[in-house]
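Each of the next two complexes has chain A plus one more chain, namely chain B in the first and chain C in the second.
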Partner chain A sequence: MRTIRKNFRLFWQGTLLSYRALFAWLRPVTYMASKIFMPLAQMFFFVFLGTYASGKDTSDFYVIGNAIQITSISGIFGVTMSVGGDRDAGTLPYLFGTPANRFMIFFGRAFMHVIDGAIGVVIALTWGVLLMGLDLSHTDLPALGLTILITTFSTCGLGLLMGCLSLLTANVMFVNNFVYFSLLIFSGANVQISTLPVWMQIVSSILPLTRGIAASRALAAGASLTDISVLLISEIGIGLTYGFLGYFLFSWFEIQAKRKGTLETV
Partner chain B sequence: MNAIEINHLRRIFRAQIGVFNRSIKEVFAVDDISFEVQQGELFGLLGPNGAGKTTTVKMLTTLLIPSLGSARVGGFDVVKQANEVRKRIGFIFGGERGLYWRLSGDDNLRYFASLYGVDPEVSKKRIPYLMEMVGLKGRGNERVGGYSRGMKQRLHVARTLLHDPDILFLDEPTIGLDPVGAREFRNVILDLQSQKKTILLTTHYMFEADALSDRIAIINKGSVIALDTPSGLKKHVSDLSVVEVETFGASEIVIEKLRALPFVDALSVEDRDQKQMILIQTERGAEAVPDVISALEGQRVGRVIVREPTLEDAYVRLVGGGA
Partner chain C sequence: MNYSNLFKYWRTVLVVAEMSIRMQMNDAFVLFAIVFQPMIIAILALFMLQGKGADYAMFVVVGSGLTGLWSSLLFVSGNSINVERWTGTLESLVGMPTPFDVIVFGKNLANVFQSLLSMVVSYFLAALLFGYSLTLTQPLLFFVTLLLSMFAFICFGLTIAPVFVMYRSVQQWQNAMEFPVYILCGFLFPIALLPNWSTPISYLLPPYWAAIALHGTSTAVMPFEQIAFAWGMMLIFSLVDLVIASQLFKIMLYKARVDATLDVD
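Entry: the complex of A and B
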């Protein structure tokens, strides 16, 4: 019981303090820009481009797709900064020199970004309702809230894996940008997945966000929570898979760094 | 029981050389060292850059796996029982890094307290106590990014004492501190020593090692070349005197000419702004001065002093400042 309490405390303290300690967008101006203006710019771009190209009023498709995809700003960039930030701060040796439960340290790094990412999606959807005519009057809003949380969680799972890469290479932001822009297509945010080549559909099916975006669109069209439950369960499964892959990579990194003496050299 | 036991410890680093014709170069950073540190002892580890001091500390703090040999800290094996070792030790590597600069001093301590599993009720009392002990009382709410280097070093000490460890590893803790900061830091170390903590201290500053250490090991090229009390080490040079000669712009040729004098046992040069201090160890003492001056003919010479050897002179002789 004492160990559980200790680990819960570690998770919670790690969640709050590591978010403040390692997340580089905490300055209000850059934070506001990333949370308010960047989603707006992305949505404007794809909504107007998409409706112009398709020649139909398909704005809801792009608004929902991009609003949900916005979560990957927190899920990928934010989580990567939180995991990799220890390397930049020089705190890795002190972190790995403690007897703390590595599982709690690792997953604690992502928790605040799930909340943060979900807030970003809500802001983006608000822009959609206010400026782009998104109609959520027939939407089960609690179910949409749950979908947003689950999708953000699964994207953070991918972020944890990317964060571990940042412990191995200094160039992870390049990879992050590649993943972020790939998700604009592969997640189905801006293209119907059924129109993609088969290999792209396969990639799409193993990425987070894909099912979350599909579930959100279904909810906006009037579907119930039961209708989308399979999509949500799959999305959770994908998030956990990436999260655990990241955790194993994190553990592997610690062992390798201690074997090779590379804890501070990357 | 010994607090630290090291048996034939080795650490080999393998570096890849070349792009097309790749070959592996092996570097013995630590090469078969053995020593023990008793409980409550302040043990100094001295050596030039690259001697293997930090590598040894990293192995003892479970941050690096030894290639060969074994080490026990607090009675536990550093590889097989690493987590037990971690619970019982605290460590500091010199420099400012290793703290979360965006957080306040108190929040840094709070986070590390949770990493060490310190009960919140205990840490609530312990954090202000430690902040006062290291001279940071009233500064705990400020962001660490705004702390001076000395304040960061002292916060590191507070961090390392959060879980009240019995054994401390201080790797060049005063590096980069101004003289006042370094003196304050040494007082903190003395305070820890009075609390019966076992301390392994690595430093470049001989007077620091001399003043603080119960025993000192001198390590060079990965091996322990001497291990004794500070006074015991000084006996290595008790037969010698040191002639200190202040010069201005003496060339390498002149230095080599001095080094070649038959009575010079060891010679080192310290650059001090415009001038150089040439330190000559010799059995001849004051009698060597006329020959030294004549070897420096044509050079601008300042003060010349003959004095008793210090720990630094013993160190220079042992690590090879030889003629």
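Entry: the complex of A and C
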């Protein structure tokens, strides 16, 4: 019981401290500009482009797709920087020197970003309703909330894997940006996945977000939670797969770094 | 800015431009901004605008190229002075006899020139991957427009860089400034889709006139009077930007030499 309590405390402290380390030094304006205005401007850009391409009556398709995709700002950039931040700040050797539970440390890095990302999506959807005429009158809102949370969770899973890669490469922002922008194509946020070439559809099917966006669109069209349950379960599975891949990579990295003395070499 | 300095120090401008290109071609962030991000936007737009027919491929090539130009202007040119502050070379540059604005002009020239790569990449992407046959409707006028656009972008960059150094509260919005300009300048869709109140803002942005003229000479057959009007607007804005930039550089150099607060975060 004591071990469980200690691990829970470790998880919670790691969660809060890594999030504060990432954002607490920023002025509120900078935080808002990067976390609220930039994603919204990006959403509006793709909604305008989409409605220009296929007509005003398709705006819901683009608003929902891009609003959900906003979660990847927290999921990819936030989580990666939380994991990789330990190396940049020079705290990684100390972390690896402690006997603390690695599982708790590692997954704790993503927790706040799940909450943060979900709030970002809700803000985007609110703007979509207020400014873009998004119709959520037939939507099961609690189910949509659950979908947002699950999609954010699975995207953070990918973020954890990316975070581990950030321990191995110096060009982490390049990789992050590339993955983030690629998700705009492959997740189906802006293009019907069925219109993509087969190889792109295959890539799309193994990425987070794809099912979350499809589920959100189905809910907006009036589907029930039962109708989208398969999509949500697979989204959770994808998130867990990426998260555990990241965890194994993190563990492997620790062993290799200790064995070869390469903790700070990248 | 003393304009005669550009002619007097033209060798310096070119050397600075060459140095900047050499340095930035090794910077993954710059490569992402001028090659990969416009390429991804081009792929998306080509898929999204497929239904509008093959004519739109050239529109996408030019539009996504312009997104690369703006992103690079905002992040690279915008930080062209800041980068010297971060690396500790700002004081040396300000203290040397070569006018500082000449150096920043050279850096912006390099940045805008290398950003044209985004248009080239988008062109090959549309031609090779999507199989579009791409031709410019008015090639000569297009290349004249491209030169004027480059000049307008450089001058615009000269106003942004000192603002970002002196007014950090403005620079905090840097990330949020990227997509609004894509929208307001009609890079990939006409501004007629936007609310009417936003139109005057578009008219005040030099990249809007560049987009009008570049799209008009590459995709459509725009009447020469309209092209000339867009050229005129670009030249007017360039001159206004140069006047504003000269004042901003004066204030900045004053801060550097008298207040000694330039390097203070």
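Assume the second predicted complex is superposed on the first by the 258 of 266 C-alpha atoms of A that agree within 3 Å, B and C clash if a C-alpha of one lies under 4 Å from a C-alpha of the other, contacts with A are read in each partner's own complex, and residues count from 1 in each chain.
Definition applied: contacts are C-beta pairs under 8 Å (C-beta built on N, C-alpha and C of every residue); 3 or more make two chains touch, one makes a residue touch a chain.
Given the structure is predicted, the values throughout are model-derived calculations rather than measurements.
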{"item": "Touching partner for A:Ala89 - first (chain B), second (chain C), both, neither", "value": "first"}
{"item": "Contacts of A:Phe248 with chain B and chain C, given as first, second, both or neither", "value": "neither"}
{"item": "Which of chain B and chain C A:Phe8 touches, first, second, both or neither", "value": "neither"}
{"item": "Which of chain B and chain C A:Phe45 touches, first, second, both or neither", "value": "second"}
{"item": "Residues of chain A contacting chain B in one complex and chain C in the other", "value": "none"}
{"item": "Residues of chain B touching chain A in the complex", "value": "11, 13, 55, 58, 61-65, 83, 86-87, 89, 91, 93, 95, 97-103, 107, 110-112, 114-117, 120, 159"}
{"item": "Chain A - residues contacting chain C, complex", "value": "27, 29-30, 33-34, 37-38, 41-42, 44-46, 48-54, 171, 173-174, 177-178, 181-182, 184-185, 190-191, 195-196"}
{"item": "Residues of chain A touching chain B in the complex", "value": "6, 9-10, 13-14, 17-18, 20-22, 26, 89-91, 93-100, 105, 258-259, 261, 263"}
{"item": "Chain C residues touching chain A - in the complex, by the definition given at the top", "value": "28-29, 31-32, 36-37, 40-41, 43-45, 47-52, 169, 172-176, 178-180, 182-183, 188-190, 193-194"}
